[in-house]
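Next come two complexes, and both contain chain A; in the first it sits with chain B, in the second with chain C.
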Partner chain A sequence: METRSDAPTKSRALPMARSMCWHCQSEVTGEYLCGQCVKVQPLSKELDYFACFQLPRHLNVDEQQLERTFYELSRTFHPDFYSTKDDTEQTISLGNSAFLNTAYRTLKDPIQRAEYLIRLEAGAVKDIRSNPPGDLFEEILELQEDVETYQDMVQQGPSPESEQLREKLQQERIHLEERQAAMESALREKFHDWDRLQSEAEASNRHREEKTMVLREMQEILSNRTYVRSILTDLVETIGN
Partner chain B sequence: MAYSDKVVDHYNNPRNVGSFKKEEEGVGTGIVGAPECGDVMKLQIKVENETIVDAKFKTFGCGSAIASSSLATEWLKGKSVQDAQKIKNTDIVQELNLPPVKIHCSVLAEDAIKAALGDYQKKAEEKKIGKEGAATGS
Partner chain C sequence: MSRIVGIDLGTTNSLVAFMDNGSPRIIKGLNGESKVPSIVGMTDNGLIVGEPAKAHLVRDPSRTIYSVKRFMGKSLDDVKEELRYFPYRLHEKNGVIRIEVGGKSYSPPQVSAMILKDLKRRAEKHLKEEVTKAVITVPAYFNDSQRQATKDAGMIAGLEVLRIVNEPTAASLAYGLQKKTQGLIVVFDLGGGTFDVSILKLHEGIFEVLSTNGDTHLGGDDLDQRLVDIMVKDVLDRQGVEVDNNPELMQALRMEAERVKVRLSDEQTATAAIDLPQGRYEKAWSREELEQAVVHLVEKTLAPCRMALKDAGLTADQIDEVVLVGGSTRMPLVRQKVKELFGQDPHCELNPDEVVALGAAVQADILGGHTKDLLLLDVTPLSLGIETMGGVMSALIRRNTTIPTSAKEMFTTYVDGQTSVDIHILQGERELVKDNRSLARFQLKVPPLPAGVPRIEVNFLIDANGILNVTARDIRTGEAQTVQVKPTHGLSDDEVESMIRDSFQFAAEDIKARQVIEARNEANAIIAATEKALARGKDLIRDHEYQAIQRVLQQLRDVKATDDHRQIRAGIGEVEKVTHHLAEMLMDATLKEALEHKKLSEVVK
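== the complex of A and B ==
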C-alpha cells in the first residue's frame, strides 16, 4: 500500500453546512463539534465523498487509511451516542452517519469509486457517453438465444443435447468471467493514469484533455463491464453454480 | 413497481422477434445498448421502395426494454422511411405507460430505430455510389 504525504491529520476540517453553530451561534470553521457548546454540526450537502474522508480525488486509495477514518468519524456521528441528546442533535447525527456510510461504501469498492469519480468530474466533461461495442452486443444477443434455448430444453427434461448446451454455456461463462477480470485490471491501469494527472499541478488545455480522455476510457470500460456482468448474471442464474 | 398491462402483453407475446441477414438488400440494422443497466437491443428493418415492409428485434434486457422494442417494430411496419424517423421515445412511454425509471428503455428503442434507419440509408447510399461507379466504368 502506498503511503501518502497528504494523509489526513488528527485535526479534521470538514466542510460543514453552516459557518455558525445551530445551537449557540458561535463560529464553527470546519469542526464537526462546536468548539463552544460541543453540539454536533450537520455536514454540508455539497460535501463530496473524497472530501468527507479528506482524500484527494485519486483512484488508488489506501483502504486501511479509509477504514481508519471511517471508524473515527463513525464514532463521532453514531446515533447511539446521541440517544440521550435532544432531537436536533439526534437528527443531525443520523443524517451525518447515513452520509458517512454511503460515502464509505462507495469509496471502498474500486468500481463504485471510479463510477463516483466520473460522476463528480463529469460536470467538466460533457457527453462522456462511450462508443457502443458492436461486437460485444452481437455476442450478448447470441448468448442470450442459447440461454433461452437451454431454458426451453430443460423444461422438456434433461437430454444429451441440453447437457451439451450446458457445457457450452459453462465455457462461455468462464470466458466472460475472464473477460470481466481483464476489464477490471484494465480499469486499475487507468487509475494510475488518472492519479498521475491529478497530482500534476498543471492547468493547461492539454492536461485537461488528457484527463478527459482518461475519464472517457474508464467510462467505456465500466459500460462494457456492465454489459458483460448483466449477461453473466443471467447465465449463472440459468446454469447454476 | 408493477408493469402496465401493455408492457406485460408485449413481454409475454413479443411481436416480431428474430433477425434478418445483415447483408440482405434493403435491410437496416441498429444495435444499441444502455450502459447504465446493461440492456442490449437489436432492431432491424426491411425496406422496399422506401417503405418498411418488415421489422424484427432481439432484446436482452428487462420487460420494459422488450416491450419498447416489440412496440417499435409494430409501429415501424408499413411506415415510410421518412415517417419512421418521427417515432419518438415519448410516444413509446405514452403507449406503454412507462414509469420514470423505465424511460431509458424507450430512449434505447428510439436509438435503435435511428440506428437501423441510419444503417439502411448508409447501405442505400453505398449501393448508389457503387452503381454510378459501375455505370461510368470507373
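== the complex of A and C ==
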C-alpha cells in the first residue's frame, strides 16, 4: 500500500470557507462546528477531495480508511442531524454533505480518482492533452461498421450471415474486454509510479518532469479506455449478454 | 417540539407509526386493525376513508377511489393502458391527472391527502395531541415528480413533511434496529402497486444504500388483475355475463381475486364466488393455477435485482441477508424466486405490512434529534440530466449517487444579445430525451451581451428527499438568480395553496360522514354486547322485557343502515334504556355492589 502521513481525522483540520464563525464571529480554525456557538461551518470551496479526506495526493488509497472517514464526516454533516436547526445551518449542512458525497464517490472509484487527480494537477502541470488513439481508432472505426451492419441484418430477420457476424462481434467483445482489463492494470502500474514520485517529492519540488510524464501517460490510457468502453457498451447492447 | 409520526402511504394500504420509548409502534384503529385501506369514497354525506370506503367500493364504485398512488406525478398518457380497469373517469389539467368523482374533480395529491388526514386523525386520537409533522415513505424507484406529489399531498393534509424516505430503506432501518444486523443486505419490497429492490451496507448504525432499482408499476394489484382477467372470461364463457360493463361486479370480482390470492399463500386450493344477476358464479383455484397465471409478473422482479447487484458491484453470493417487505412477498412463489436468485432463504420475521411504517417512525425520531446513533445514506434512483442539441439527454447526476448531491453546469448564449436560455430537466437512463421522463423546464435570464460572453452557473441539487432544487448564479456579476421551475407533471405552488384551502372546506362536509361511521361502529358494538347479554341473562328477566329488548335491537339494526347519525344515536340510546334492567340483573348475579348504575355496554365487553 502507499506511504501515508497518518493524520488522525479527529484533529479536524479541514480548510473551512471562513476563518470566522458566520453566526457568532468567533475564530474558527478548521473546526466543523464553531467552538463557541456550536453552529456548523461551511467547507471551503477550494477544498480538494484528497484534503477533504485528509489523504495525501496518492492514487493507491486505503479504502477502509476512506470509508471510515466518510462515515465519520457524514455523521457530522448529514442534513438529518440539522432538521431542528435554523435555515442557515440546514443550508450549510446540505452543501457540505453534497460536497462530501461527491468527494467520496470520486475517490472510491480508481478510474474517477485518477481522472480527478489529473484535473487537479493539470493546473500545475501544463500541456496535458489526450493523444489520438492511433491504431485503436482505426480498429474501432471498423468495428463500428460491423455493429451497424449487424443491426441492419437483424432488422431483416435472423440469417446465417447475421449469426456469423454475431459470432465475430462476440469474439471482438471478448478481445476488447481483455484490452480494457489490460489498460486498467497498466493504469494501476502508473498509480505506483505516481505514488513513489509523490512520496519522494513531498519535501521538495523534485521529479516535476517525471510526474508530468506519468500524468500524461495515465491520461492517454484513460482516454483510450474511454474509447474502448463506449464501443463495448454499444456492442453489448447490440448483441446482448 | 411536537411529535413526528412515520407514515407508510401505500397503494392498497396505509399505516401510521410513532416512536414509543425508543421502539417504533404502529398506531392501531378502534378495532385493533393496523392497516387503513388506501380507499376514499364520496357519499351523499361527504367523505369516507379506509375500511368503510372499501365496503362502499362494491356498492358505489364510480364514487370510490382506490390505488390513487398509481396516478401520483403521472400524466394521463402514462396510465392510459390500465384505464379500463378503473371505474372512474380521468382527465388532465396542466400536466396533472384529475379524477372525476360525483361531479367534482380531484388531483391525486388531494386524494392522497384525504388518506393522510385520516391517518393524522388516528394518530391524534391515540397520542392525544395535535400532529403536524410527518415522515412519509415512497417507493425507492419514485421519480422527482412522484416524490413532489407526495410532499404536496402532505401539505394539503396539513402535515409538514420533514422527509420523504424510500420504503425499502425505511424497512432496513426497522429491520436492522431489531436484528442488529451488519453487512450487506438486500431489501426485496413487493407491495400493492410497486416493486423496489435496494442493496445496503449496514455498519455500526450507518445504513448506506449502495444501489436501488425497481418497477413503479408492479405489485399485488397487478397479480389480482391477472386473476380478474381470467375470471371475467370464464364468467362470459360459462354464464354469458359481461362483467366488463358492470363496475359493481368488476369490483366484487377484484376483491374476490385478492381474497383467493391471499388464501392460496397458506392453502393449496381456494374458491372464488360472486353473485351474478343470473345466479352464483364459483371458481375453484389451485395454488398451481394461480402461480401459472402470475409467474411472468413475479419474474419481472428479477431483472431489477440483477441490475441493482451490478450497480453495487456485487454478486449474489456476497449478500449476507435478504429481507422481504410488502404483503405480496407472502406468496410462496415470490419467496421461491428470491431464494433461487440469491441462493439463500429470505428473512421474513418482521410483519412485511408494518415494517416500512415502523422504519418511518425511526427516521422521524432521528430527524427529531432524539437519536444520533443511526444514519441513513440513501441514493437517487434515476439519472438526472438536461436536454442538449439534437434531443439528447446529457446526464449530470448518475443513478445510485448518494444524496444529497449536486452538479454544476455552465450556460452561455449562442446569439448576440440573447436574453434567455431555456433549460429542460429530465430523469431516466435512456439516451434520447423522448425516452426519458420530463421533470421540469425553466428559463435563465441572461444580460444582453455578445454570444458566448454571459456565463451563468446553474446548480442542480438533489436533497435528502431525492427532490431536485435548482439555483443559478451569474459568474460575471456574482449575482444569484431565482429560478422559477415549472414542473411538467406537478402542481404549481398556487394550485397546492388553493387545494389546502379547499381541504378545509371539505373538512366540514367530511365530519358528517365520519359521524355516521362512528355512530355505526358504536351501534355494532352495542348490538353485539346486547346479544351476548341476552344469551347469558335470558332467565333473569321476564318474557315481555326480553321481547322489548329484541324489538329495540331490531330497530337499531334497521336504522344503522341509514346515513343519519342522529337516528343511529337515538337507537343506541333506546337500547341502553331498555336494557338497563337486564344490565342490573346481570350485575346482581355477579358483582352487585361494585358495578351498580353502569351501562350494559360497560359490563359486557
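The definition used in the following text is that the second predicted complex is superposed on the first by the 228 of 241 C-alpha atoms of A that agree within 3 Å, B and C clash if a C-alpha of one lies under 4 Å from a C-alpha of the other, contacts with A are read in each partner's own complex, and residues count from 1 in each chain.
Keep in mind that, in the parts below, a contact is a pair of C-beta atoms (placed from the backbone, for glycine too) under 8 Å apart; a residue touches a chain by one contact, two chains touch by 3 or more.
Owing to the predicted nature of the structure, the values given are computational and were not obtained by experimental measurement.
In the superposition on chain A, A:223 makes contact with chain B only, not with chain C.
Touch criterion met: A:231 reaches chain B, while chain C stays clear of it.
By the touch criterion stated above, A:138 is placed in contact with chain B alone, chain C being left untouched. Within the complex formed with chain A, the residues of chain B that make contact are 31-33, 35-40, 42, 58, 60. By the touch criterion given at the top, residues 1, 162-163, 203-204, 206, 208, 363, 366-369, 372, 375-377, 401-406, 461, 463-464 of chain C touch chain A in their complex. Residue ranges of chain A in contact with chain C, taken from their complex: 71, 74-75, 78-81, 83-84, 94-95, 97-99, 101-102, 104-105. Across the interface of their complex, chain B is touched by residues 129-130, 132-134, 137-138, 140-141, 144-145, 219, 222-223, 226-231, 234 of chain A.
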